[in-house]
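Below are structures written as structure tokens.
The two complexes that follow have subunit A in common; it is paired with subunit B in the first and with subunit C in the second.
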Partner chain A sequence: MQRSLNIDPGKCTGCRQCEMACSYEKEGAFNPSKSRIKVFTFDAEARFVPYTCTQCAEAWCMQACPVDAIKVNLATGAKEVHADLCVGCKVCTIACPFGTINYNASSGKVQKCDLCEGDPACAKACPTQAITYVDSNWTGLDKMRAWAAKTDTGSHVN
Partner chain B sequence: MHYVVLGAGPSGVVAAETLRKTDPNGSITLIGGENEPPYSRMAIPYVLTGKVQEAGTYLRKAPDHFAARGIEVRTNARATSLMPDNKRIDFADGSHLKYDRLLVATGARPVRPPIPGLDLKGVHHCWTLEDARNIIKLAEPGTHVVLMGAGFIGCIVLEALAARGVQLTVVEMGDRMVPRMMNPTAGTMIRRWCEAKGIRVLTGTRIKSLQNVAAEKSRGIFGFLKRKEPTVASDTLDVELDSGEMMAAHLVVVSAGVKPNVDFLENSGIKIDRGIMVDRYMRTSVNDIYAAGDVAQGYDFSTKAHDVHAIQPTASEHGRIAAMNMAGHNIQYNGSLQMNVLDTVGLISSSFGLWAGVDGGDSIEVVDNDNYKYLSLQFEDDVLVGGTAIGLTQHVGVLRGLIQTGTKLGPWKAKLKADPHRLMEAYIARTHLT
Partner chain C sequence: MGWARKILRVNLTAGTVKSEPLNMEWAQKYLGSRGLGTKYLVEEIDPKVDPLSPDNKLIFATGPLTGTMASTGGRYTVITKGALTGAIACSNSGGFFGAELKYAGWDMIIFEGKAPSPVFLYVENGTARLLPADHLWGKSVWDTEHAIKAQLQDPLVRVSTIGVSGEKGVKYACIVNDLHRAAGRSGVGTVMGSKNLKAVAVRGTEGVKVRDFKEFFAASNAAKAVLSGNAVTGQGLPTYGTQVLMNVINETGAMPTRNHRDIQFEGAHKISAEAMAEKRPTDGKSNLVANQACFGCTIACGRVSMIDKNHYTVQNRPEYWGASGGLEYEAAWALGSNTGVDDLEALTFANFICNEQGMDPISFGATVSAAMELFEIGAITTEQTGGIELRFGSAEALTQLAELTGKGEGFGAEIGLGSKLLCEKYGHPEFHMGVKGQEFPAYDSRGIQGMGLTYATSNRGACHLRSYTVASEILGIPEKTDPLATDGKAGLVKAFQDATAAFDSAGICIFTSFAWSLQDVAPQVDAAIEGGWSVDRLVETGERIWNLERQFNLAAGFTAKDDTLPKRLLSEPANSGPAKGRVNDLSKMLPEYYEIRGWTADGIPTNETLARLAL
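Up next, the complex of A and B:
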């Protein structure tokens, strides 16, 4: 059974443990600015929204890559950047309509969430279960997926 | 069913793969015009900088990738004519090929302006892997290099040449760098950055002629007076500018625009404007012939007109949609969004959609010259229709998302006009919190 990150903004307290865990797991440093998951704050409503790649089926980043550097991990379903193949052209960063694949100037490559090979550090670090790693069938990503479909570049006609 | 895909760039490769997925039984021939495996021109600058080897530009890495999918690849085959009545393509080597359905994805080639001396040794385009090999031989650290053209492609080449440590001068006839991607404010910011990095940038300047250095030396003192810098031993070319200045160079790279490869279609009856005209199903005006990528003048999401975009995401989308329709589906293209991202010696810029704005529209612009940061957003009512960013690399893709989904910003338009950097919040608020 394939699993996905399920994000429930209602449970997020804005503690940013996920950002710390992600940056440590991926960059070896507790540095939220290097995290691949970001918590957005809406002060007026006192709401927090953790946000990262949904591993969307359309895979805009993967489709746009000119050197086949983004591939699907068949075990996790994650779209992974292969740093040895990425040339740093950044086309994926403008192609992804969610803004969840970003250029890292220090590595000269792009980076995105890769689900930590099926054991995501953000979900483990979240103290309130705002981020959980669950069966894909019941993640709350439908809304985002519907939005992704709106960006779609081709539509079936009868 | 025999599908022929003419052109082995990104559009052709995506099309061939999509054809295979959609029609497991069809026979597929993918034809490249160069003597190379299918590769990506976009990756060539990174060969120049040494970041990747030539194999790093290959569109698919596994040597048996195409064979494993039952896609026959032919290379070094240049089409010379097309006869739709016979469903036959003729090639330069005298061979021919029949097709049932054809995709023309022959891309574009560089324009060679009518300037005397462009055929001299040491003058190259930067378009093919062969060009890259020639440039690598000449672009040694410290040598004088002149780049003609500071358009989008010119600027990508500029980045690579600068990284090779050459003494670089770029000559652009337009009034600013990347005039078709950046407005004057943003283009000027990029120019200032490049100049601070030691690149000489001449805008509003044309190259009048090129000649061998030896020929110019015979003019004695008058030739000498026109120079800002003395020639060095490695200089073989003299570049004469319309300002009267003479510049010596070891290498001249010509990046003066590209034009679609449509010459072989001359007597085919296929309707051609700036590129091959295609409808929203990627069909040309002739039955069973489709076109995709840089050669195609396709539907534009923003303008609702037809245009040649010549960008990677459009090439890939065109290829996919064309192939689906060739294989019997009925997919209407929603249109491609004009967008570009550029790295000029470390300064990253991008532009999306109607970045110059629309009549009766609304906009917000934030300029931070000291820190080389720029952001402009263009609205039509409460929908984002275009944008330009310099120095922004995080979440820049939401510009595309907001534009192409036509998301109504509601109260967030006023918030963005107060602070356009809240783009990502606006996007999340309007898609996740409503």
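Up next, the complex of A and C:
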């Protein structure tokens, strides 16, 4: 089964365990500045929103790359940057409408979420299940369930 | 590796910055943060120095777990000689600033001297610069953070700053980071203001490594499971915040009310966690809008609130309509029960002002409370207050004084003295409810006997966070003791004091200790740094730190006579609740405490004790 990261900002407390887990997985150090997932805090509204790549099926980044350095991992569906091919031109960062692929000045390459080969570190580290890794075909399941509960008018009792 | 092994020394007088290697011998003896910062301070300043003189120093220190994936591993401590107390001050803060400082590659920043005109420090990884802050002087915490981010064109920079109260010399000014997390007590912000240092802005992208990642993950994951499985850290604190205590402590009969004249507050239910979560009849929304985690915290106890737009405090003032740090238990008590005010929105507003202008809500609320008592007996009149009817229960008086004190204006300048100086000034020193010049927190020691010893012996003046025996005496953690008994409390207080010093020095939050013992902490510390950190070693380190702080205070001029409580708590019996008729029996606990500590009957560490602790 192909899976997707499913983010529920309503459950996020803004703790950044996901950012540390991601940076450790990819860089070998706790370093949120190098994380592929980023939590945004909107202070005035008290909202905390984790954000990362959605792995578009027809990914803008992949199509824009002039050296074909971004390829699909057929097992996970992730669009992965092949560092050995990336020339650091950043065209993909311009092409991505969501800003989720970014240049890493230390490596001279771009970086983005690659779903950790099907075992994403951010989801494992999240203490509130704000980030889960679910069936790609059913990312709406929780919302559907919630609405189903609301729209059940109760023709049956108990 | 756990430690960055580098400290940043900033001479404000000369305007210089330089990098020094961390003293690793001291790091092995004092661990980090509170302990290690205190060692540097003690070695570098004269204990008798005026806290507001350029010769005092101000240290921002992280711990070895700061910036790691250990739960709550985002703390830093500010260490200095306290403006409020003249004793050792070490005020701990969460938020995101501490981890950022570590990621920039620094264990510690030491500020010395005094800048000739206002400055702020900008640290970007290995580079540090002092920049002019004339344009920031006079700005609030909130405006300063926004202005610095705009000026540096970096929304990711983390800012720790003082508000106007710290510039104006309010004795209990905080240093606030991330808009509403604070190094709160003892006037550390006042010291910062006296140095013409407005703010510290940090951006760190170098990351943190630990000694052994495999061991570290095994230990930190196991410890996280302990937190999530515990009733307090897994359910109580995330749901209710520290405010979970309001009704519990009130029923215990240990809720200081109206400057400790009473011990239970009839309006407690109106300012409790439950009240914060209820929908208001006025606008259909709740005061509490979210719980927020500090960096790396898997508990997430922080309260974030919004004030009813129709409330008198914020009508036509949209700058207060957004969310900010809401009432934690200590603030709700100090601003509420202790002043007799039960208007939740007014308390939240006063708390927002404390965030905005950088004031400790405990000392502010307690000083207003003392002023109310002075007003009620006629020692202060409307002539001094500028017309404010300073009566217990007056929300208007509280919120007006919050705004005035935050800016050091009018009668607010006198409230900014703290309750000790205020009460002395108006001829009633006995109304000062505190120890070593610092106001009590939210537990009346007539109803929780061990807290009397905690306060009397706390190295930074009255404080619950040096040895939170409430955990044992009320909540039964790690085991239940009778809050009205004195037997065994000396040993309990010592054990809590030593363990707490170790928690604080590791760079984690003391709230983890509701669920964690040092058995949970030691493997995390040990996996992060070199040195073989066992439980025993942490306990010994904690005891060493405690004695180091004590020695500083003795050298500063404090004596055993200062290890005491106000007359009210020692001789005026509690008037209601389970503790009715009781005073605090400090004299039954203190001599035993000195003995267990290995101190003389005068509270001085013996040579044997100092030798045993390698001090």
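The working rule: the second predicted complex is superposed on the first by the 139 of 158 C-alpha atoms of A that agree within 3 Å, B and C clash if a C-alpha of one lies under 4 Å from a C-alpha of the other, contacts with A are read in each partner's own complex, and residues count from 1 in each chain.
Just so we're on the same page, a residue touches a chain if its C-beta (ideal position, glycine included) is under 8 Å from a C-beta of that chain, and two chains touch if they have at least 3 such contacts.
For clarity, every value in this text was computed on a predicted model and none was experimentally measured.
Residue by residue along subunit A, subunit B and subunit C are tallied for touches, and B comes out ahead. In the superposition on chain A, A:Asp68 makes contact with subunit B only, while subunit C stays out of contact range.
Looking at the shared chain after the overlay, A:Glu27 reaches subunit C, while subunit B stays out of its contact range.
After overlaying the two complexes on the shared chain, residue contacts for A:Tyr103 are found with subunit B alone; subunit C is out of touch. Look at A:Pro127: by the touch rule set out above, it reaches subunit C but stays clear of subunit B. In the superposition on chain A, A:Gly14 makes contact with subunit C only, while subunit B stays out of contact range. By the touch criterion stated above, A:Val49 is placed in contact with subunit B alone, subunit C being left untouched.
Across the superposed pair, subunit B and subunit C both touch subunit A at residues 45, 47. The residues of subunit A lying in touch with subunit C in their complex are 13-17, 20-21, 23-24, 27-34, 43-48, 125, 127-128. Of all the residues in subunit A, the ones that touch subunit B in their complex are 9, 38, 40, 42, 45, 47, 49, 51, 60, 63-64, 66-68, 85, 87-91, 93-103, 105, 108, 143-144, 147, 150-158. Only residues 67-69, 71, 96, 99, 103, 156, 179, 204-210, 213, 224, 228, 238, 289-298, 300, 304, 306, 322-324 of subunit C touch subunit A when the two sit together in their complex. Subunit B makes touch with subunit A in their complex at residues 10, 14, 40, 42-43, 46, 51-52, 56-61, 312-313, 316-317, 320-321, 324, 329-336, 339-341, 343, 346, 348, 350, 352, 393-401, 404-406, 424-425, 427-429, 431-433.
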